[in-house]
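Mind looking over this structure? Questions follow.
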Amino acid sequence: MSEPAARSNGDAPLLTVDGLKVSFATEDGVVRAVDGVSFTVDPGEVVAIVGESGSGKSVTAMTLMGLTRGPNARFEGTATFDGIELVGASNAQLQRIRGPGIAMVFQDPMSSLDPVYRVGAQIVEQIRAHENVSKAQAMDRAVEMMERVGIPRAKQRLRSYPHEFSGGMRQRVMIAMALSCSPKLLLADEPTTALDVTIQAQILQEMRDLRQQTGAGVILVTHDLGVVADIADRVIVMYSGRVVEQGTLDDIFYNPQHPYTWGLLGSIPRIDDNRAEKLPAIPGLPPSVLRAPKGCHFRPRCPHAFDKCVEVPELERRQPDVPTSRDRCWLSVPDKKRLRVVGERIGLETTETVGA
Amino acid sequence: MIRFIVRRIVAAFFVMIAVTIITFLLLAATGNQAARLAGKNATQQQIHQIAAQYGLDKPIYVQYVKTMKNIFTGKAYSYTQNINVLQEVKHDYPATLSLAFGAGIIWLGLSVLFGTLAAVYAGRTTDRVLTILSMAGVSFPPFFLGAIFLYFLGYKLGWFPLGGYVGLSDPWQWFKHLVLPWITLSILFIGFYSRVLRSTILDNTNEDYVRTAHAKGLTDGQVLRRHTLRNSMIPIISLWGLDMGQLLGGAAILTDSVFNLQGVGQLAATAIANLDVITIMVIVILTAFAVVLLSAIVDILYAVLDPRIRLA
Amino acid sequence: MAAADTAGTSFSDAVSGSYDSDAQDLPPGVGPWKLAWRRLRRNKVALFFGFIFVLLVVVCLLAPVYAHDIAHTSPNAEAGLTATVKVGGKVKPVVNSIGIPIGPTWHAKYFFGADINGRDTAVRLLYGGRNSLEIGAVATIITMVLATFFGVLAGFYRGWWDAVITRFADVIWAYPAVLLGITLGTVFATGGIGPIHGTFLLAPAIVVGIVYIPYVLKPVRAQVLQLREREFIDAARQQGLSSTQIMFRELLPNISSTIVVFMPLILANAILLEAGLSYLGAGVQPPNPSWGTMIAEGLQPLPAAFSNVLVPGFMLVIAVMSVNIFGDGVRDALDPRAKVRIAR
């Protein structure tokens, strides 16, 4: 696939994903959920994977944990974490990695905790699955973890059941649980989507602090560019199973190369926006996971598509002066610079608008 | 908790009253009971005498109240046999209790085993074979299955006695007499329960908390035992409680009959065949009581198993 | 099914989860029924047993057309104690001197042997099957129609309708199926209520039909309670549709998959319960045969002539089992959760 993205430091990356493909056989046909994804994550780095639902971002994250395995799933490519190849790893290997190696926080804190066990027991279970410590020691650690993620009266709350917590508190429990074995890589799959905006900000703050304290790498899967701007170092934009663009936070927000990214950026409402009455949306619908269009998957929705777009562009470095940026778009760099400006900001030229 | 129990008792009371009234009306509808009690060749005068003796000449609601009063004061004498029905139920109850609990333990244990196996191997040969076996199990009427066992294992091979019940004072004989009834009754339930458990487990396998459990690095066995199975047992336990309630109320009529166990079920069958109103009423009350009692226990168990449920 | 010996409190729970079809999961342009049929067509085992059941029904229902021509006897014709039959060149009595009937001859006459009255078992088996299947079918129709009607009424109007209907269902529910069945059956058999009398062949069908009403009524009501809160019912109301129109045009199609899933389940249990009642003498009344009465009669001279228990017994088991397996396939086909999920 493509050369790995340039990194800020000289150490080996924590995680290297190369040419990852995931497909599922369903009764309606083969779903190519992930179609050639490559990226790296360094220790202490926050990499955001951005995309609409169905773009394959969650499947990518769950595949790293081996959670998409099943009789109908097919995998290609590699994902190397800490010297271990994850895609082909045995169940026993994966079980050792899950927790102390890679830990995951899921989207819906309401349903991600087992309703019949006390939260303390669930954190203790995580610790004791990997460390030979007594129940009492594990309990102490659980309290410590809960305090660290900002759960008040942790000692008492340890004995509460998940349904006795609010959504934000439950997500904190999930994070406490995920961090209790000091993972080297944290996968956060839409960790704040199900939460109120104020709680969202608190949870993100916790994650930021934790990264600083533990030096763990973080993969943040989200569709929310606001969250990305808040916390990410690098951004991967996915569309219909493929990475369409990746780069540093600044690359993506100030120098985006792919029309889909322009569309995403253009649909963020801004307080300083004069045209507040109109919020542009990307025209059309994401392609069916069963019948993706030929060539560039974004072609049917792209106002700038031309005859070259029926061929799949490689994800590669296209701007000689920007070493961190990669994209999959046939347009020339000067064309992109010109076409992405709509009005006075970055956006996708569109005939359709929705009321703000 | 106390409010819950009180509400349960009140509800039970009303269900019981309704069930007894309906039974009484149904039985009264079978025509002139006095004539039947008096026998085929009775004169008109004898019939009147019998009617007066049992109060059958009174309006139906008077008869009902009197019957209920007799039952609850322990003076429930069967019309046809002239014996105290409560004594009779007490005499037959050990057989019913032995049958219900023995079979209950067997079918609960085996259906958890088979249901889990079928779910773990869903879609594969083990699952297919277990599915066909469950379907066969739920398709065998107990009186037919019992007859087959009695004929081949009892009569032909002589391994088991040909029916009847022996009290616990002789544990070995007690056991030998109950093995076939236990198996017969269990097979009915195993097929059904293991299917329910299989589909519940498969549903729960898709739950987010099971995914979380995998993400914690637990082994597949740990995830199954601690999370999937633990949550899937909740509906099974409630089914079990309700079915046990019915069996303890004497609902195993067919199994009782084919094995001549002389339990409450067989008593009910005989009483109904003889239109023995008092005995039928006592058994119906017993059944309603057992069902309501067990369903209350199930509700309490539910709250223990699933902390989200609070009794109120 | 547990219901054969107790009320089988349970089987509604077995399917209660399976009928909430999420339409958004379906690919566009393919209706849920077509999709279900596509899945069912792939389930060869279910189709095979469905075929077996249809075959049984045809063979039994057509018995009056052909049985007499083959066996030269009718189901209730007693051969008399002196009757003989030629088997393999030897002349044998149909019923011997100590009252033991002849076993299977594997010949056109007395193919499965005779019963203690010298009646041809094979012929009685066919006619008995006719009765058992007819009673099962009529009972299922009674249950499905009444349960759907009252379930929809209770769920749609709520309030008093709901309270009265639900209480009634609760009372039937508190009664174990077999106990209620034999009570009703005996009442019909001895006294009779109105035109329903013991000799009336469909009396057991009415008994069985009533017994199973709550098992279908409860889930139907629960589903209607959910459906009536949905937008499309509001929309229908705003379009000025009457309550009856809403119930028939909007609600009924939406609960139809529930009804279809329950139908084989109730049919299988109805056939079983009829057999149980007949076995206890509270179902089909002699001399009319049914599989249940035949088993009961076959058990009388136990230990001899056990073939008279095995033949109707296995016929019954095959019929019930094929309905059960076919019904299980239907349930799987209608259950959208059988679909492969992308993310676990």
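First chain written, first letter: the chains are A, B and C, and each begins at residue 1.
One rule holds in what follows: a contact is a pair of C-beta atoms (placed from the backbone, for glycine too) under 8 Å apart; a residue touches a chain by one contact, two chains touch by 3 or more.
Treat the numbers as computed from the prediction; the structure is a model and nothing was measured.
Of all the chains, the one whose CA centre sits at the greatest distance from that of chain B is A. The leading chain pair by number of C-beta pairs in contact is B-C.
Centre-to-centre separation between chain B and chain C, using Cα means, comes to 21 Å. In terms of their C-alpha centroids, the spacing between chain A and chain C amounts to 54 Å. Centroids built from CA atoms put chain B at 54 Å from chain A. Residue positions of chain A with contacts to 2 or more other chains are 67. For chain B, the set of residues touching two or more other chains reads 211. Multi-chain contact residues of chain C (touching two or more other chains) are listed as 344.
Every residue of chain A that touches chain B in the complex is listed here, in rising order: 65, 67, 71, 91, 94-100, 103-104, 106, 108, 111-116, 125-126, 129-130, 161, 163, 174, 177, 181. Listing the residues of chain C that touch chain B in their complex gives 1-2, 4-11, 13-14, 17-18, 45, 167, 170-171, 174-176, 178-179, 182-184, 186-187, 190-191, 193, 268, 272, 275-276, 279-282, 292, 295, 299, 302-303, 306, 309-310, 313, 316-317, 320-321, 324-325, 328, 337, 341, 344. Residues 15, 18-19, 22-23, 26-27, 29-31, 128, 131-132, 135-136, 138-144, 147-148, 150-151, 155, 185, 188-189, 191-192, 195-196, 199, 203, 205-206, 210-211, 235, 239, 242-243, 246-247, 249-255, 257, 268-269, 272-273, 275, 280, 283-284, 287-288, 291-292 of chain B are the ones touching chain C in the complex. On the chain B side of its complex with chain A, the touching residues are 123, 207-209, 211-220, 222, 226-227, 230-231, 305-308.
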